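So, here come the structures, one by one.
Below are two complexes that have chain A in common, paired first with chain B and then with chain C.
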Partner chain A sequence: MPKNSNHHSEARAGWLFSMPWILGFLALFVWPFTASVWWSFCQYDLINSPEWVGWENYSRLTREAREQQGFGQALTNTLYYSLLSVPLSVVMGILLAVLLSARLRGQAIYRTLIFLPSVIPVVAASVLWLWLLDPQSGLVNYLLSWIGIPPQNWLNQARSAFSLETIGVLQNYTTGEPLKLLGSKDALILMTLWGVGNFVVIYLAAISDIPKSLYEAAEIDGASPGRKLLHVTLPMLSPVIFFNLVMGLIRSVQTFTSVYVLSEGTGAPGGSLRLISLELFLSAFSDLEMGYASAMALLLFIGLTLATTILFRTSRYWVHYRMAA
Partner chain B sequence: MNQRGLKTICLYLTAWFMAALFSLPLLMMISGSLKSAEQLTRDPYSLLPAEWNWSNFPEALSSMPFFVYLSNTLLLCFGCVIGTTLSCALAAYGLSRVSWPGRNWMFGLVIATMLLPWHITMIPRFVLLSELGLYNSLWAIVLPTFLGEAFFIFLLRQFFMTIPEQLLDAGRIDGLSHWGLFWKIVIPLSKPALATVALFQFVTTWNDFGGPLLYLNDPKKFPLAYGLERFVSSYGDQTHLLLAAATLFTIPMIIIFFLAQKTFIQGISTTGIKG
Partner chain C sequence: MIRIRNGLLLIGFACLISGVLFGLFSKQHVTLPTGRQEVVFWHFWGGRDRSVVDHVVQQFNDSQNQFFVRAVAMPGNNLQAKLFLAVTGGDPPDLVNQDDPILADWAQRGVIQPIETIAKSEEIAKLDRWMFQPAQRLSKVNNRYYAICNGLDIRALYYNKTLLEQEGLQPPRTLQDLDQIAAKLTPDAATARAMGLYAYLPDSRRLWAWGYVFGGQFYDATKGLAQVDSGPIQQATRWMADYGLRYGPDNLAAFRQADQSLPGKPFPLLPIQPESMVGRYGLIMDGQWRTRDIVEFTSKRRERGLPCPEFGVCPLPSPTVPMVQGRSQAGWVNGNFFVVPAGANCPEGAWEFMQFWIGLNQPKWAAQTCAAGGWIPVSQQVVETETFQRFLIQNPLFATFVELANSPNQFPTPVVPGAAMFKRTVEAAAYEAMSHPEESVTPILKQANQRIQLRLERARSQ
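After this line comes the complex of A and B, so read on.
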């Protein structure tokens, strides 16, 4: 067979095998992306055809961001949730993985029990936490009372612990009255941390890949367990920490199902659970403002790309790849 | 007691404490689903119900069209698992065992789609699938899986690349085309990887809430995840029934996890995706 026709048939086979994905790429990514960009400059309610309005949707978004309404509130909510839940997941994931990699009897049992919450469907987990976080009869407040913490309002309180309003509450605080600092977003973070098992599994795999000789060398140098963690485990884990930071960020910004179920689709109380995903969904499918929602999606995409790029840029200062060493 | 023994005891205590803390909510869900409404208000915290109130389950089942929801969920899972495994295996073969000029940048595009948030494609996809007449049809959720999913293409491609070239050469000598190599050699050798993809897709579809929320509006077509959320809106005060329904919805996932624990853990630790 002449070589030329062989090349030709190889190329044809390549295109044919990839055809389902190529179709999907065009129909589910290229066209939707293009349409989103276009509609973000339009007014569009699904029924009438899109009508060009220029930068109007974007100026509305910037106005709302300034006035902390609608999109602005959703942006603040999302930043609060992501900036707390992602680092907390990373720290807790590493600590649990270090604990679970210690040679203990029953290790498999601890690992399974800590991972198990991650296989619970989000809708079921949200239903469960709605009950656990009940201010009167919930388990969480009951457990907190054991260690002397007053009952918190959780999902009934719009104000979250690390917000400016909290300073006011602390200033007006008189001894004896119960301090109710934790609100709906803190509840969401708590629920997210319960599902940290996914990250733990990734860290555990990475820890078992660290060569034992590194620890032996550290021991010969007289390193304490704390120093071994700081100077052997953490640097060796840094590529995985980086991966989990990026994935955790992307995942947290896309959080939707839990806030929808926890607030029955409203983002209540006081819009405090309106993360960007929910805000965007409601703008599109209950207000039928497709253009405005598309503009929001595009800003979200740009923001996420920027954040990921910044993470990548900083990674060269703290991520150690073994190959380079 | 020496210092080493003390350290070991501390480690054990912490491990037990954390394991207990993480499993407590789950245990509460199961025990709560077995308490009567009256017992749940009187004594919500005990882990063992004073009397086992099994009747919560039939009551929860009859308060919603449970078996309609279940059969919709199973239909969706069945369709999506077939769609994903087929389309992703095909694409992964084309992107690993066929040498053609566009291959590498095509694979780059596959990876790029993983980083695109769903928000930006959601509205046009909705318009597209509605135009195709798929609004309020299970096909709106199943059809896209026949067009590939980047994570799974990536996973299968990595696996296909480990198959020795000699095996494929032997097939070529026997006169097999790429189509024949794919079905007779690559697919039979890749059963573990295909099982991983099928498992993850099953779990994803079982748990999926956004898709049904967006595309389905006829309660006769709701899957369990969506049905359960609707149940919360109408039976919000009947905690014992809610917990029973949530438990029923969760148990299959726990069983699957224990049956396929190794696949789960390996799948997550090699690709970092959530089940």
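After this line comes the complex of A and C, so read on.
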């Protein structure tokens, strides 16, 4: 058989085998994405044909962002949640992984306990947290009382710990009333940190992959455990930290199920749990403003792309890849 | 070879087991009787209500030789998207039950048919005479029937009668009475904490009800304008926020959290501890379905020989202060309603079933359904049937709700396109006002009103 014919037949087989994936990719990703871009310039209610409105949806998004209403409020909520939950997840994940990598009795049990929450379905976990965060009879406030922290309002308080409003509360704080600083978004962050187990597993795998010789060399140089963590473990973990940072950022912006359950699908209290994903869902499927929701989705996509690009650009300064021997 | 054979045997065995299990546990497929037209009916009822619905369907099917209803229980969550897909896909159900404020949106988009295209004009005229006014408000868009309300949800004020009597108090007849009861039983947060109960706390979601009680209207249909910032609504919001001033908004928030409707969370009016005679509130606004909780609670306590407090229900008390034109027997109403999707295969069968359900021609059937489900009928004719009167004698607390169902002062969320956002925004504004009781409610309501008006205008232009 001529060589050329063999090549063609191989190429055909290759295309044939790839076709299910390519078709799926075109139908389930490229087409919805393109349609969504088109709809973002239209008024579309899911029933009637989309009607071209130009930049109207985008100017509305800009106006709402300026006025801190609707999308603006959702954007602020999402930024608050992402900017706190992602770094905290990374720090907590590393600390737990370092602790769990130490040789101690019952190591497997501790690892399982840390990993377990991340395999619990989000809906079940959210309902569980509704109970745990009950201001009057919840376990979290009970545990906080052990260390002298007054009971917090959690899911029934719109005001967050790090907000301008809280500064006002602190400035006016004169009475002996207990300070209630932690609100619904802080509760959501707490819940996210509880499910940090899957990050921990990745860090554990990466820690076990760090050559022992590096620690031995550090020991010979007289490095303390703290210095070994700072100058050996963290640089060697940096590619994994980078991966978890990017994935965590994307995941945090897409958080939907937990806020839907915790706020009964409304973003309550006072819209404090209206993250962009929930705002988008309500706009599309409750208010039937699919064009506006598509514009929001597109902005979300652009925002995430920008954030990821910035992370990639800065990674050259802090991510250290091990050179192959 | 042996491995392959064993593998095939294993797969065959698994298929057999799956088949047997499927046969055992799957429901029998309902076969359409010959000569009958099928009416596909989507509803979201589950639990004990599901059997009531199945019973109505069976009774209807037994009474018919022309139509046959096939009930399909659909999860109510995001039913809108499912229905839209079915309508655009060309295979909609013939009848859908809903309870969300979406009627005007669906009507405007042509997702549902006006009932007058299915029913005769004399039947429509009869509906106008026959149906309670609040039920008509829930069924009409721009004065045309686009739905048929099949059950009303009414709110009233439940109270712990024993507690009030012990304190020498009477159930509130006016808003001032209610305030006085609250001030006497729990004058401040410290007393409330010590007692483990609040006499009464307004809930931000209930601004809808109190707004109407204060004589307000959230929407001016003639001008097409939202009026969330109008005088009576502002007064109602101010009154609610004043409870925040009295007890402290943070204390209220903490106490309210435990009221979330979680599995296992009881009706907060009912005592939790076996020997206790008070729950978390002295008085609370809630719907007619709570009478069922009280009946169950009372019978359980009696069975166990425990002391049992008495409970009562009264209409929401209206304000009697100068400058406020309050309404009596007023409140916010919602309910379940039937709609017929555009492109339905058998709208005539759907209409026949709707009439059967609400009792338009045979009130006694509807009375049985309402009594079995603990639902409020949509017509006085059904209320007056022997069956329903017997039910009311057995459930005296229910009577107040039925009385309120016939009140012209019960209003729903305005039936306009964009109503879902309208409802959410009003509730969020009330929450905001109650969270900052020291601030004026006016800017909060004005801002909410602007957002709603923008949304209404967008919805109108769609």
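Simple rule for what comes next: the second predicted complex is superposed on the first by the 322 of 325 C-alpha atoms of A that agree within 3 Å, B and C clash if a C-alpha of one lies under 4 Å from a C-alpha of the other, contacts with A are read in each partner's own complex, and residues count from 1 in each chain.
Keep this in mind: contacts are C-beta pairs under 8 Å (C-beta built on N, C-alpha and C of every residue); 3 or more make two chains touch, one makes a residue touch a chain.
As the structure is a prediction and not an experimental result, all values here were calculated from the model.
By the touch criterion stated above, A:Pro32 is placed in contact with chain B alone, chain C being left untouched. Of the two partner chains, chain B and chain C are each touched by A:Ser137.
Of the two partner chains, both chain B and chain C are touched by A:Phe285. Contacts of A:Asn48 after superposition: chain C is touched, whereas chain B is not reached. Once chain A of one complex is fitted onto chain A of the other, the partner contacts of A:Phe243 are limited to chain B, with no touch recorded for chain C. In the superposition on chain A, A:Val127 makes contact with both chain B and chain C. Within the superposed three-chain model, A:Ala268 lies in touch with chain C and out of touch with chain B [touch as defined at top].
In the superposed pair of complexes, A:Leu306 makes contact with neither chain B nor chain C.
Contact comparison for chain A: of chain B and chain C, B touches the greater number of residues. Comparing the two interfaces of chain A, the one with chain B and the one with chain C have residues 46, 127, 130-131, 137, 285 in common. In the complex of the two chains, the chain C residues touching chain A come out as 77-78, 80-81, 84, 87-88, 105, 109-111, 248, 250, 253-258, 260, 262-263, 418, 420-421, 424, 427-428, 431-432, 435, 447, 451, 455, 458, 461-462. Those residues of chain A lying in contact with chain C across their complex are 43, 45-48, 69-70, 127, 130-131, 133-137, 151, 153-159, 177, 180, 265-266, 268-271, 285-289. Put simply, chain B touches chain A in their complex at residues 11-12, 14-16, 18-20, 22-26, 28-29, 32, 41, 44-45, 86-88, 90-91, 93-95, 98-103, 106, 109-110, 113, 115-125, 127-128, 144, 146-148, 153, 177-179, 182, 203, 206-207, 209-210, 213-214, 225, 228-229, 232-233, 236, 239, 242-243, 245-247, 249-250, 253-254, 256-257, 261, 264-265, 268-270, 272, 274-275.
The part of chain A that touches chain B in the complex is made up of residues 10-11, 13-25, 27-29, 31-33, 35-36, 39, 46, 96, 99-100, 102, 104, 106, 109-110, 112-124, 127-132, 137-139, 142, 194, 197-198, 201-202, 204-205, 243-244, 247, 250-251, 253-254, 256-257, 260-261, 264, 276-277, 280-281, 284-285, 290, 293-294, 296-298, 300-301, 304-305, 308.
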